[in-house]
């Protein structure tokens, strides 16, 4: 373990099992996050740049400096088909680190989408491309290319710990990180959870109360809930 | 008046007059807020989860704890046709308190929409349902069911005081609270205000200045406004 | 230079060259901002009230007080065809300073759009009118008409310095201010920049890396970047 | 109940029992808030302007407009010895509504301190006076005197509902509102709570664990907590 | 006027009259801001790093990039005795741009203090030095020295327009900018304002109401204020 | 690796070398952060609750739920002399998770201080105890004890990744995390860095410019910096 973790590009990473990724791509972020015990979620300031954006793939991570997007060019070379770029920054920065040209490059190299704890620009063009981006801000502010960061080191992105190769799933509800080693188990638990929801939905739509369906009345009474008129 | 207001569900509340509610449902939030003397508005961080969301109904209130949505199940039972759930929280919390299943239950029990000083999830599904939700955040973060709050007590939601039975009107401009006792008078004043706008719109569209239409020139001069070249 | 800059309406201002404005209207905010050396941008909290909003015109400036929109009526009279109203405020205020009626008046007097460091309302109607507004907030909160500000003085709006007559360009990426004296030069530099992008896009789409296209490898190595396996 | 609640000064209000106020003045905000069942607290953005500021008194309420402090002059006349001014605003505003001169007036008329959902200025002088102020912001920004609000109506201040005559207690931990009718009961419950703390403190200081003192081990195990090595 | 304003150091600037600066140094920020007609104030997020910090001097401006403090070394050479460094940034950045060593250099070259729309560090040492700093943030985060900005160009710092040579006055209430050409007039108006305050203070302390002293009763009645019991 | 990381208390952790911790305790956060290559810092919203607070020790981590401080009682049992409690939360929560009683317990069990991505209360008492706390908020808001989290798992606290046993150093400039394996190397690099500063300080105080001391002039010229008069 070196003192300085900046200035490193790790070329070989172990990506999560592709079959598990394929299964997770059919599931919602809220469901996956629940299945994992309610951990692994990025902060809610991470929003899709267009309604309906969705992406599921394996993380290739990059650590940038505020106002500097040099490493996004470096990370492009490390992409494989099915990857999602996860860009963290050493400090909060809303600058427009990525636009249409970089997204074109990412896609050409196999990148499925971008999750960035920073700003992006060319919103019109990125939307036209239907390139899913989840970001903390939208800003036309350009960046410099002066200082090296790192690629494929563990990063903290929007409050979540991400290791290279982890599964990233993002939709209108947010962004969740599934550790590579838990991908299959999480897919399994999430599918079970979802299968269970259809029946609940039917009952609730028919007017059955969650109070009864989940048998909450006794626990509520024990917790001291009182009904008055 | 008890020391502890938590742990109470009030079953019988007096709802605002339904005819007044019907009239208010045809009016915009900005108009209603103006008619009330510019009070009763929730903070502007309360936003619709999809463009064009609109709801008008009688408030059924609920007070929750941060990260705990137990009381949303309790409130479902207290709904009548035409109600809007107004969910306040004892502290700021962006967690995803409500999703598709709860919304399905609310709708089945007569709930028209949800106004929540907290987060929601299942945005795609809620939009497909066209279930109007106004919230402070969108977040996949799940919640626990551990601590009791209250239903149908007076609450402060997003900076506005809400009593059970008040009229809640929400559209793309925000959320306004009309006290039940003022519903008819507010509908009347708002309709008068709106009737007055068509004529103004025509004049302004024809190039007449507000300065002249509202006869502001004298007051401006008196206030010290000076024109220079 | 008078001690008190409030209470002044300057009638005659020098607007940027209309041919330059026309050229800038065909260019994106990100491109223009880059061409100017990455200055002149408003803060990223300035967002369009509907997706796809775009405006390019000459600035007519107005300085308002928090919660007071009186000067918006004053500014309407000073508009010429092709102007964009740039509304600054002496302190942060999210109130709804402008709605459909004022926008109707602005448009009737030649105003192309509004850039306001404050809130707006009547979102549904403004969207139906396709009147482009870029604002810091959306709020139904009404304002008073009590205190005079100024029209066509230099202002700071959302962190950017704006002089009357400057060119304002706004799109989904944000709002940029082009000083009137630099309008033609900026248009020229921006067009050159854009012409250059088509070729880059083609190469990147074909899988060429920015690392090679921009010849970054040597600089990165010199900066200490190391590749490991 | 009138449609428009602005423009009213209520002269006669019922203040909380002075003996109860005196007892509450000896207790901390955290203790009082706990005794009330964890309700009644203002948002944590309300901070004292100097360390150690403390106030306890009966609320005289005032509703102001953004950037307008006219009503602070009106409220001064309504003060009695032992009152605390609670200033709410119809929208968020960080302007400096109050400074040394107004504080001098408040104190001369019996006011013990100020709780304001807005900004204040003259921090150096207010600190020298040891006049306790709890505010959302510090700002030199001056305000106008143009628009009437109201005095001694129910207000929402920093997220808490305040009625004229309620007890306001504020210290380094925040600001709590005790409804007048609950003042004595709250004082009683808070004193009991505090009496109970000395023993706990001694035990904890001696190394006894809360796990044992509060007998939490069984509940934790039941909730699923597992110890691993 | 060049297209690119970055990369420039202007050596000769016209500083405000030193006698006027000396007079302004005896006055408070709130008073000066009022005398100027309530303009020229930086945003209230600009706070002193220690209580009681105060500075008054002539602005030497610098424009930095996010996370890059290179230009602070450049600006040190341009200081004269009595200057205050005003550091703006092309985008919001909380990084720690300045610490004890740079402050030592600033002081050695005649700098009286620092006003920075960014973060600073070495708070303990800067406080021990009693070097007045007004900043948007405190952060240990280090910065790079990679990209040139400019020195002594007009900047927008924390929402206020600053020209090199302007007078900067900062105290516990905030930071105000007095244009060089208005320095003497502002000092005069501020002194008059302050002279006027002693008499007001005495009257208010004696219980005279602002309502009477400022003769507000008639205006309030005209504005519709009603007293009820 | 289990799917659900909640509900676990790890009793045996490997703490950083105590000699290295002792050396780090004599160094400032800014220096340590620089020595590590400018990584490992928590977000700047983490502030000491009193000026001059300082702590250096080994991390015992805890993951809490919003508004729930149950796990703080659990973590107390796992402390050894020299530990610092690092409390993360599954979502942003400003509630007052910790007060004087818990701090008393922490100290009695060997805890040196608390770093919490949440709120704290009893500020007066904690300051009197001189118990160093670094927190995101101050709030009297009480919490429940309902839901289990975990102790001594890897957490993300205020944007920084923390493993049990890492060294935590916190002072007025912020909070830095030194991975246990890097503690000695970081102490060494930081000491070298600091030794180097005394000479720099002397030179800068004598008026030598950083431009010359760091030999920046050539690089600045190469980067395009131009001096004009």
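Letters A, B, C, D, E and F name the chains as they come in the text, with residue numbers starting at 1 for each one.
By our rule, a residue touches a chain if its C-beta (ideal position, glycine included) is under 8 Å from a C-beta of that chain, and two chains touch if they have at least 3 such contacts.
Everything numeric in this text was worked out from a predicted model, so none of it was measured.
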> In this assembly, which chains make contact with chain B and also with chain D?
Replying inline: C, F
> Since chain D and chain E are copies that touch, is their contact same (over half of the numbers shared) or different (under half)?
Replying inline: different
>> Can you tell me which pair among C-D, B-D or A-B shares over half of its residue-numbered contact pairs with C-E?
In response: B-D
>> Using mean CA coordinates as chain centres, what's the gap between chain A and chain C in Å?
In response: 32
> Counting in whole Å, what is the centre-to-centre distance of chain B and chain E, each centre being its mean C-alpha position?
Replying inline: 41
> In chain A, what residues contact two or more other chains?
Replying inline: 38, 90, 92, 94, 139, 141, 147
> Okay, what are all the chain pairs that touch?
Replying inline: A-B, A-C, A-E, A-F, B-C, B-D, B-F, C-D, C-E, D-E, D-F, E-F
>> Using the touch definition from the top, list the residues of chain D that touch chain F in their complex.
In response: 28-30, 33-34, 38, 41, 44, 47, 51-52, 171-174, 176, 197, 200-201, 204-207, 209-211, 214, 216, 220, 223-229
> Mind pulling up the chain D residues that touch chain C in the complex?
Replying inline: 65-68, 90-95, 139, 141, 144, 146-147
>> Looking at the complex, which residues from chain A come into contact with chain C?
In response: 7-12, 50, 70, 73-74, 76-77, 94, 96, 99-102, 104-105, 107-109, 119, 121-124, 137-142, 145, 147-148
> Okay, in this complex, where on chain B does chain D touch?
Replying inline: 1, 3-6, 35-39, 43, 63, 90, 92, 154, 156, 159-161, 179, 181-182, 185-186, 189
